[in-house]
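Here you go, one structure.
Here the chain labels run A, B, C, D and E in written order, and each chain numbers its own residues starting at 1.
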Amino acid sequence: MSSEKVMELKGLTRAFRIGGLLTGTRLLAVDDVSLTLKAGEPAILSIVGESGSGKTTMARIMLRLLEPSGGDVYIDGRHVFAGADRMDSHEFRRFVQPIFQNPFEAFSSRKPVDSYLYETALNLGAAANRKQAREVIASALNSVGLDYGLVEGKYPNQFSGGELQRISIARALIPNPKLIVADEPVSMIDASLRMNIVNLFLQLKNERQVSFVYITHDLSTAYYVSDYIAIMYRGNLVELGPSDAILTDPQHPYTELLMDSVPKIGEKWDDIAVLPDVETKEYAVTHCKFAARCPYVRDICRQQRPPLVEIGPERQALCFRPIDYAPQTEREVAAAGI
Amino acid sequence: MRFAVFLLSRLLTYVIVVWIGMTAVFLVPRLMPTDPVSAMLGRVMSQGAFMEPAQVEAIRASLTASFGLEGTLWEQYLGFMRRVFITFDFGPSLAMFPTPVSQLIGRALPWSLGLLLASTLIAWVLGNTIGLLAGYHRLRAYSKFLEGFAVLVYPIPYYILALIMIILFGYVWGILPTNFSMSPMLKPWTLDYVWAAIYNSILPALSIVIVNFGWWFLSMKALSSTLAEEEYVDFAKLKGVGEGRIMSRYVAQNAILPQITMLALVLGGVFNGALITEILFSYPGVGSLIYSAVLQADYNLLMGTISLSILAVSTATFVVDLIYPFIDPRIRYR
Amino acid sequence: MYTLTNVKAYYDSPRGPIKAVDDVSLEIRPNEILGIAGESGCGKSTLIKVIYGHINPPLRLVSGEIRAEMKDNGQVSVLSAKDLPKVWWEFISYVPQASMSVLNPVMRIENQFFDAVSRFHRAGNREQIRQQVADYLQELDLPVEVLKAYPHQLSGGMRQRVLVALATFLHPQIILADEPTTALDVVVQRGILRMLTRVQQTMGNTLIIVSHDMGVHYQITHRMAIMYAGQLVEVGPTERIFSAAQHPYTEMLIKSLPRIGDHSAREGISGRPPSLLDPPPGCPFAPRCPHAMDICTQARPPLVQIEDDHLSACFLHEEAMAAAHAQKVGAQS
Amino acid sequence: MSKKRASLLITLLALFAMVFTACAPAAPAGEGAAPAAEGEEPMTEVGTPRRETLIIDSLDGRTSNPTQFNPFMSGTRFNTGYHMLALSHLWEMNTTTGEQFGGMAEDLPEPLNDDYTHFRIKLREDLKWSDGQPLTTADIGYTIDMVLNNPELPYNGFLSQVIDRYEIVDDTTMELWTKRSEPRLSYTLGVTVWGDSFYIIPKHIFENEDPNTFMFYPPVTSGPYKLNDVDPNGNWFLWEKREDWQNTDVGQVVGEPKPKYILLRFYGPEEQRVLAGIEHRLDVFTDITPESWEILSTENEYARAWTETFPYAALDDPCERGIAFVTVTPPYDQWQVRWALALATDIQRVSLSTFAGMLRVSPLATPPITVLQETYHKPMRDWLTNEFTLPDGYAPFDPDFAVNIAATLTEQGIEDLPTDEAALVDIFGVGWWKHDPDKAAELLESVGFTRDTQGKWLKPDGSPWTMTINAPANFEVQSGRLAYAVADVWNQFGIDVNVAAKEGGSFWNDWTMGTFEAGSYWPGCGVAPDIWDNMNNEWNSSFVVPVGQPAPGNSVRFSDPEMTAILDQIAPLTSDDPQTVELMKEFMKEFVKELPWLPMFGTSKFVPVDTYYWTNFPSPDNYYEGPWWWWSLFKYMTPHFEPTGR
Amino acid sequence: MSKTNTRLLLGAAILAVIFVLGVVMPLFAPEDPRIWNTQPRNLKPSVDHLLGTTNLGQDTFWLLAWSTRNSLIIGFLVAIAATVIGVLAGMTAGFVGGVVDRVLTLLMDVFIVVPSLPILILLASMLQGKASIYLISGILIIFNWPWPARQSRSMALSMREREFVNTAWFSGEQGWKIIIREIFPFITAWAFANLINTVLVAIGAESSLAVIGLSSLQESTLGTMIYWALQHQALLGRRWWWIGAPVVTIVVMFIGLFLFSTGLSERSAERRGR
């Protein structure tokens, strides 16, 4: 591996226009996010946030399906979108593979599912001919607990969602990628079967040395599976750190709220949560986007944008509270080192 | 402000579309093998008069001048565009020289408009209402029967359908006039005059209604039977909302959107007149004007009528785009 | 107040009946929150339909009895399944899944509101109803402006709160909520669940909530029914279900959930639920059950009382074994 | 479900079939359709008493500019009754004899010199315009001045070529000098066939107007009728008899017109016109198909065709139909090719396909109308049969056409056909060229044509012989059908023939420009024994211009010195000179040698009338005029019509 | 399930009959039925002449078979060409985007806005000389491609967003392969339905042109058959077998195509539902 970083995001920004050509408002779906996933030990990084937090936009940028409006994305230390050392698409696809949210959407209903497996194996250099490909595929299916014979020649509607998602993962494994970006891979899957998929990630991380970016709104599976967690809110990365640290000691008030809201077993809710009324407004504010809902809010939160504060080893939070609401004169752009 | 920008860009497309359409209108008749001047000469000479070649050329020049066909194609084009966009004057009709085209259209247009507006709207309302019922009750027998009827009537060539109606209504039963005639006793726009106009238009209108009904019915039925399966319709049932209200507010209001778009297009087409209807019922509308323009290679008249319908249809689509957000709250000016 | 006795409700399909609700008996009590849990395709949504009395082809009530007691001004009338549509919204109401598609996209919220409630407001014209609705929304901390809005102008959470308000406006005695928070974020979900429980507490009526999320059940329900392949496999107080689940399926369901702060390995339930068209003979869970015995593939375990108010259907319980045996003997003699 | 659906469809189909057959036996009682109740005066749709109104089919269809009556504007319509009833001419022609007589003029023009360039014209006394003003030579003078002084008027070109100057002697006398010798001045400025463009206009109205823009509405008329009202939509024109009809040429020549009102009415396509006829809403038809006549005759017992028996049509229309070629375009520039096409034509089949055999054949360049058939066809029949041969001695003429087609028709169930040959020749014509494909093939092969394996003809250069026949679309139904019928037989013969149905504009454009191969045109016209005017126009080689330039005459662009020489020989002769006809026969002999166009049939016009309200229409038994309702001469028929009193 | 099959089967059966009539029967025609006066005129239907003879001495049944064949040729030629051109243009616009998209979209809009009938009449009258059925088809194609183009453009735009397209990209597939293997299978079903509709539109348009005498009148199509029958007053003259044959054939053909296409769409809807 040539680089120390499997993946790096620098000041990543993505704006969408809503409304007319000249008058539309700009919506920052991803607002100045920096993140690094180090090489060496494979890791699972969870990006957690509610819908509209920008996590899916980020996933699509990491997968090259969307171009950023600002900032850079590096995979294996090389530019993804621009630059002389730009990774070509062939290399990119051997290095990074996706798992999509809806397994039924991820495969065309008009094609046998295994055709994707063959295409992947033959196109991305995992196999030289169909016979070899068959072996590669069979082994990939094996690692996700499926038998080639059960998959061969079948169409997506002949599988359950869980099975399809496994096939999806098997396909992603075929080129032996270093990074798999999984965008809400279990949200369409029955709760009782989710753990099977999530456990696969853990297993593959260890067996196949694959790193994962696991994008989810489900904090409990994120905690269960990941080494690092990034919490997103309205396009901002509000908190980042090792999963244990974040969950035992959340620093951002939003992380707290999120954790409180997970319906846990063995611990009942007491208080009443504050729900936002009009969500889109928050994208446009220049101060802290969480200020309106924050129980610890002070005046400064409504005036300034909070800095990304280093609060510990590999930990950052986008909040004034850890620095005692000290106003920032110069904004520190902290490159998070994980 | 957002609206203004939308309006502006939409207006630009509108103008470009109209411009391209008009240019085509200008060019197509000029590609016709017929030269109206020669045609006129031919007609004069076929009636027995004969002339020396020099004389023929003299007449040719004077006809060319009086028909506004002088100059290069480009000069004619500029003149044409000026006329279309600035004065909307298409010059004199060639076959009915020197009656101005605008006057001919002006005389024919009210008839076409009256006939087609009324019959189109009636067909639209009927087709959509019955189509809605049939689509909502798509499993019931009457729905299938109506669909069968529509499928059966819709493909009958219009000419045949109209002739059958003429024979039945005008001849076998003798209850409706089979072609257009207004008595000179009637003063324009008195009650009797209007009544006579309506009476004269019943049969052509009915034939249009029957044919269009099939189309509206079939499309509405398809739309509403899909919509009847929407979750919000189900939920409305669970809310205990009455069937009538479900049909009107939940199914119809959603199904009607594409139908309104189509209606606008069709209403724009009203300016074309109804060609075959008008020929068959000797109805004095734009359709028969277009037909006679083609028969007589009447450039100016052709360009006038076709320009009018291009303008009308593109204006109709333009207007639909503008009013659509009022009909469908989900749509914003993009 | 509302009982289902041996209810079978099947969908007719060309390939035979789909046994979505297969011999379910359930008692629904006043002033409780009853949770119905199970994987997708286990028939829980159909059960809700049956309870609601929304039984239209191809769904068919094959056998069994539905008996509801409706209290109206102190009088009690008894309703059967086919009477229910007449008292929808007034006696029994329904909160659908929080999807965009349950609301008519081209109608303002208030009109959709009125459609449901106006026919029951004997006293009062439109203006008065509007006022009452507005007051009620305020009571539930909802902005009154939503009434003027179109569905697409509201967030998913807001839409769902409006639907809850809609369903509870007439103070029905039973509220059915079918996956009311699926596809919503946890924070919003929490708010909505709070709202539902608050309403239930104030009105003292019955809330039946269907969810595949055991966490949700744990948080708000009083009693739970676990459904599998069209049958109830366990019914009991929520506390007891979570502390001492009796059925292996329930147990696995609970165990499959990760908990924050607990990194121990968790396993999902392997295999997939059986087809309702052609369920396996015997216990439908047997193919996936780690404790499956021979008998499980031959006979269907009856739902038997294990403890006070706690029922389970599994041959691991002696009571069940005995009951099955008795049945068999009875059949032989 | 499936059975239900299928049975539903079958029921609906049956229903449709019923509707369909319901309209087939549409045969209401002929009289029942009369519009009025018992005892009540029947009224027309325009509010005139039906028994005082004659309703005539409008030939031109709907008129979009119904209030344009300035006769010198190019877009003015005349078949709306205008020139039939309201415009008098100086000279008119009797359609039964083909002789001209004075209309507004007292007599034919009196030549004052031997060159025929100076004439005296005398008007009738007491002529008046419909507004009561006297109609005098001043009006004629004004008309000439106005046309000559306004070069934009389309008629200017012609008139300025003819008229040099005039002098008014008194109110009824004037003298006229022409620019060229005009032995037939009454032909040039008077009516021969349909009408004439020399319309006299009222000076007192026009002198205050710009003739280029003046619409002349309502028109002040010189004929016996004046305009009562028009449909603003152009579907009808109501003409009313002038109180002072004595002050018109018709009143003075024939007498009082009988119908108080004449309604020119356009009912729409042919189906509609036939239906109107069945319901007695139309008294005079202008031009329908034999099929329509068949329907009309069975549904309306009062309907009368021109002849009471087969062929029902009037056969004396003054232009004959056939296939014309541009004779400078190969391969039609060779007489062998033209003759081969003639011999490849099964004329009987063409006749049956075109008008079910109700046609009179003509091998000559002049129409086989009664007058001309007696003058040319019959006298030349012997020559055609016994003397005329192709250069190789082949005798192409078949005199037995009439007998043969009569036999075929009898076989098909046509009754009442005469049996003697002379009578059959009167109906079907003197004969035509043989149908001899072998001889045709021989002629073609003699000029290098070959046949491919499938029997298709190849041109001498080896390319397939394809031919496009121009045909009028939606007008002149006989010519249209003839084109298809000929294409049908020539296709059989192995030529790839394709019919181009052309709208009026491009049809005539092709004709004058010579931009066609073959066409169903009618360059053979004539009404009186002196057909020089027509023949000269069509065949004088001095009119030949290159293809692509408008031809002033001779549109087939045929140059033959002998034919032109004969025509030039006839030119200075007067009509009544016996040499005229004799020389014309020589011309015909030259013509058949070359066959520069292929005449086939005289024109059969189905011009039935309904005798329910009006009678005494002209007929072969009552032959005071020909049935040319749309001609200028119609006004001279109006005094003959009699109301039935119904 | 049963319902769909009924529709589909009934539609297919009707189409099969039409197909036999229009494609197979002409092969057995004893003579070219277009040629006039080969038979006695105006015979009523009998054993010798199943549908009688026309006023022009043609055998109506064989003429009908011949006409049906030509109408089918027009219908399918126009439908296939318009659909193919439309789909190609629409896909190009949708996938290439940018200027190409804008120009193509504008072109589609123009063709949709310009009233087709007058232009059609104009063109037909221009081409009258050589108005073979192929030229008529050509004119009809010009006016029928923009609708499928518009549709397939918007389909291309939405298909671009479909997740499995991304899966295919991550499977290492190239652009054009994605179009062929991923997008086309979805467009084909729709394109087929469009094709069937266009068949109807084309046959209908040709017959209306024919009725006013603007089609290729020497060729026999169902439209020109009606034209000649009307010209010879078959309707008023009660020669129902002549005028009725093409009309009933058009109606039946429409019903067949309608049943077939709705049956197909219902079946694919059912498939998706499963």
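Things to note:
To be clear about the criterion, a residue touches a chain if its C-beta (ideal position, glycine included) is under 8 Å from a C-beta of that chain, and two chains touch if they have at least 3 such contacts.
Predicted model, so just to flag it, every value in this text is computed and none were measured.
Between subunit A and subunit C, the least number of touching-chain steps is 1.
By count of C-beta pairs in contact, D-E exceeds the other of the chain pairs B-C and D-E. Taking the mean of the C-alpha atoms as each chain's centre, subunit D and subunit E sit 42 Å apart. With centres taken as mean Cα positions, subunit D sits 89 Å from subunit A. Inter-chain spacing, taken between the CA centroids of subunit B and subunit D, is 37 Å. We define each chain's centre as the mean of its Cα atoms; on that basis subunit A and subunit E are separated by 51 Å.
Subunit E has residues 2, 125, 129, 212, 230, 235-236, 247, 251, 255 in contact with two or more other chains. Counting only residues that touch two or more partner chains, subunit D has 5, 9, 13, 16, 20, 23, 26, 271, 275, 474, 503, 506.
Per the touch definition, subunit D reaches subunit B in the complex via residues 4-5, 8-9, 12-13, 16, 19-20, 22-23, 26, 28, 33, 45-47, 61-62, 64-65, 68, 73-75, 151-152, 154, 156-158, 161, 192-194, 197, 212-213, 228-229, 231-236, 238, 265-269, 271-272, 275, 278-279, 474, 503-506, 508-513, 515, 525, 533-534, 537, 543, 545, 549-553.
Residues of subunit B that touch subunit C in their complex: 230-232, 234-242, 245, 249-250, 253-254, 257, 328-330. Taken in their complex, subunit E has these residues touching subunit D: 2-3, 5-7, 9-10, 35-37, 40-41, 55-57, 125, 128-132, 212-214, 217-218, 230-238, 240, 244, 247-248, 251-252, 255.
Every residue of subunit E that touches subunit A in the complex is listed here, in rising order: 162-164, 166-173, 181-182, 185-186, 272, 274. Listing the residues of subunit A that touch subunit C in their complex gives 50-51, 160, 162-163, 190-199, 217-221, 223-224, 244, 247-248, 257-266, 268-269, 272-273, 275-279.
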